[in-house]
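Each in structure tokens, the structures are laid out below.
Heads up, the next two complexes both have subunit A, just with different partners, subunit B and then subunit C.
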Partner chain A sequence: MDIESIIRKTLLEVAEMADCTLVDNIDEHTVLLQSGLDSLGFAMLVAQLEEDLAIDPFSEMEMAVYPRTFGEFVAVYRQSLSQRD
Partner chain B sequence: MNKLVVVTGASRGLGLAIVKQLLKHTVIKYDVLAISRSKSDELLQLEEEYSTSDKRLHILNADLLKLNNIQALCTKMVKDYGRPYALINNAALGFDGVLATMHNSQIDELLSVNVQAPILLSKYLLRPMLLNRKGRIINISSIIAKTGFNGLSVYAASKAALEGFSFSLAREVGKAGVTVNCVAPGYMQTDMTQSLQGEKLESVKRRSPLGRLATPDDAASAVLYLLSEEANAITGTVITVDAGSTA
Partner chain C sequence: MRWLSDLSKIKNHASCAIIDVSSCSHTQVHFSYSDLHKRALHLRASYPHLYNQCIAISARRLSDFVSALFAFEGHCAAIYLLPKNGLSDKTRSNKSIAAGHPKQENNLVHETYNLPEYAQLFIPERADTQTLKSRQAMQNEGLNQQSTSKVSLDTQFYLATSGTSGKAKWIGHNTDSLTKAIKLKPQLTDLRWALCYEPSRFAGLQVVLQSMLSGASLLDCSEGDFETRANRMLLHKVNAISCTPSFWRQLLMQKSSESLELQHITLGGEIADHAILRALSHRCPEAKLMHIYASTELGVGFAVSDKQAGFPDKWLSEGVNGHFLKIDAQNHLRIKPNIALDKALAPLIDENGYYDTGDLVSHIKNRVIFLGRASGLINVGGAKVSPEEVEHVLLASPLVQQAKVYGKANSVLGQLVAADIVLKQPLEVSTSEAKQSLLTLSQNNLARHKIPRIIHFVSAIDANDSGKIMRHRAADETAGKPCVIENSETNHE
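On to the complex of A and B.
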């Protein structure tokens, strides 16, 4: 599965766990804060991805980076995975 | 399934008392991950004692002053032992001395071990707790956070910081079933307080309403209570265990 599909699948699982209702049709331009997932939900998404992929791009980066859109979020993970390989 | 509890500063004093009470508990089965720089004889003895029981004590040596290693330490703990139920931030430095002559490196070390390390441990161990939708973070503060004590200004700052941290974090993670509290012991006789002896010690005892000091076991009992299901509705608060000294 490619990273975007993994993130999408995890997003759905975490949204349910966090009692959040996601907006329909999340695409690369969807602003994360408007996706329906709250900040705690995002923390859970990062935590679940860390368990599954063994990476935490946000801790690995030298500077604090906060992706604004879903596309940017996926890009951060894609880049971190490519650096690991 | 046993509940995994991470205890820092577990080699002596209050940390060791907490580990002992956790392993002895009969109602809930706790496994313990004990963290400190050194392995004390008492801790090794406990490890041996429980090696054939249905509860486990794992000893991990780590220097929490090395803040950059904390994430890797947490990742390893979760990978090797599973998602923890609770984190007890107990390790701390207790340098005393008047501020005007305290070395900057000591100020730095104290704030790293007493404040930054617990924050980072909470950050990374909170994640598995969020995924479990259940967890406990207990930070060991001190009555000094609120009362003040000659020669302990930096230490006091570190404990007040930990309390402030706990109140806000409790608000942040309550929705996910994680509680965050502090236990604030009064003066206890441990290695940390060796320098207080003689008449000064007697006067602390005399002034306490119960005519004695709180012991590490007294403070550990409060920690065990906060870990229990009975404490489900308690978050964002401080339990003082000081034999009444601050009453």
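On to the complex of A and C.
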């Protein structure tokens, strides 16, 4: 499964656990904090991805980047995983 | 009268002091320093019977809060600061308890907030405006003289500590201890502050006092989603913000925050980590950037402005801002402050006058780095969680033999609640069913931020000789990781 699919799957699971209702048709331009996930949900998404992928790119990068859109979020993970490999 | 007098001395009396924002209608109302000064004078003149009395203020609007604060500082013997949304609509609308009525009519409020029975509830928006109008019409110039004729008192302000449950614990401060860290330079009048904290808390009160006493402007951003707040900041050209690292991270995710021309950046309420300091420094290279170590109990300890996490270890030998610092045998930071602490804190002060902050620290090279709270208290984006409270809920499950709850470092909210669980054997359900069962139990019994978001099933949990869970391990485990935040009850404001 590619990283975007993993993130989408995790996003759905976390939204249910966090009691958040996601907006329809999340695409690369969807603003993260308007996706229906609140800050706690977003924190849970990062934590769950760390559990599953053993990586938290936001704590590991030298210059912290705070992604605004879903596309930017996926790109951060893609880049971080490629550096690890 | 001191703060009220200071308010009248703001040079540009017509300049905007406060921008109130209604969370319902999003309407915005501007108040000049002249407006605030008049309102405070009228309040004081309308309630002469509150002189030398104890009151508890709860104001929904920032302008009301500030007016009452400045009206009664030096006038009342003691002021308890209640949260702005801490009273029900029914209580607020009850005319009989609008101002200055003692406990018998306010039992519920007094019990909820652990207020002394002699404290009189004061709700500024229900203040007697008819009295104000008549006094305004009658007295005009005479008002000022009348309201200042009494001897100014050394008002005690009581602020609630950021506890996790149960009744509020109140810590007393006087005017001097609250304003010790306030800067009054002429160039600070140009700052336009955003208030992102609850104003009745120590961190919020510091922002209110810094902006008001220095003649700057203050925009209420204490409510609303991040997009709304970021847009509001941009609209009003905010150039000074004090908020938690978690708040900053989410603010930086907003497009509109890129256009803010910030001059003054302050972090507090949680440990400021390397990553957020670097990001803010990169985004606003010209801004004055500092993270502040403070707490309701201690007041403002110190500000670190070298854009690095922790603080320089030379402060352990030289002190800072008149405070003396040391690390005790348990690796707790101890501070001998330059102010008198509330008497209730005496058990935490050693024979040499050093107060046990309860913050675990590590001395690494030339820095002292914060690791978290010795008590294991978890800080989820500024909201505190007692591990014992969560463990109590988990242990109620028939599936659970042992539970250890701790803070797991998280790059969004600083920490999330995590739990190690020893399941009872033989297990009659699958581990995924057990996990779901514990989540459901938690959802039914805990606030959202207290629910364990990471659950690990383990074979054993470390305990000390007396059988107590070894809580320090959680902080120790995260200590080695750079660029992460650990927990702290203390406000690193």
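Keep this in mind: the second predicted complex is superposed on the first by the 85 of 85 C-alpha atoms of A that agree within 3 Å, B and C clash if a C-alpha of one lies under 4 Å from a C-alpha of the other, contacts with A are read in each partner's own complex, and residues count from 1 in each chain.
The definition used in the following text is that a residue touches a chain if its C-beta (ideal position, glycine included) is under 8 Å from a C-beta of that chain, and two chains touch if they have at least 3 such contacts.
The model shown is predicted, which means the values in this text are computed figures rather than measured ones.
Set against each other, subunit B and subunit C touch different numbers of residues in subunit A, with C touching more.
After overlaying the two complexes on the shared chain, residue contacts for A:D85 are found with neither subunit B nor subunit C. When the shared chain is aligned, subunit C comes close enough to touch A:Y66, but subunit B does not. Legend: residue contacts after superposition of the two complexes on their common chain; A:E51 is shown touching both subunit B and subunit C. In the superposed pair of complexes, A:F42 makes contact with subunit C only, with no contact to subunit B. Of the two partner chains, neither subunit B nor subunit C is touched by A:D24. Residue contacts after overlaying the shared chain place A:L33 against subunit C, while subunit B stays out of touching range.
Within subunit A, the residues touched by subunit B in the first complex and by subunit C in the second are 17-18, 40, 43-44, 46-47, 51, 56, 59. Subunit B contributes residues 71, 75, 78, 126-128, 130-131, 133, 172-173, 175-176 to its touches with subunit A in the complex. For subunit A in complex with subunit B, the touching residues are 17-18, 40, 43-44, 46-48, 50-51, 54, 56, 59.
Interface residues of subunit A, counted against subunit C in their complex, comprise 17-19, 31-34, 39-40, 42-44, 46-47, 51, 56, 58-68. By the touch criterion stated above, subunit C contacts subunit A in their complex at residues 225-227, 246, 249-250, 252-255, 275-276, 278-279, 282, 380-381, 408-413, 416, 439, 443, 448-449, 453-454, 481, 483-484.
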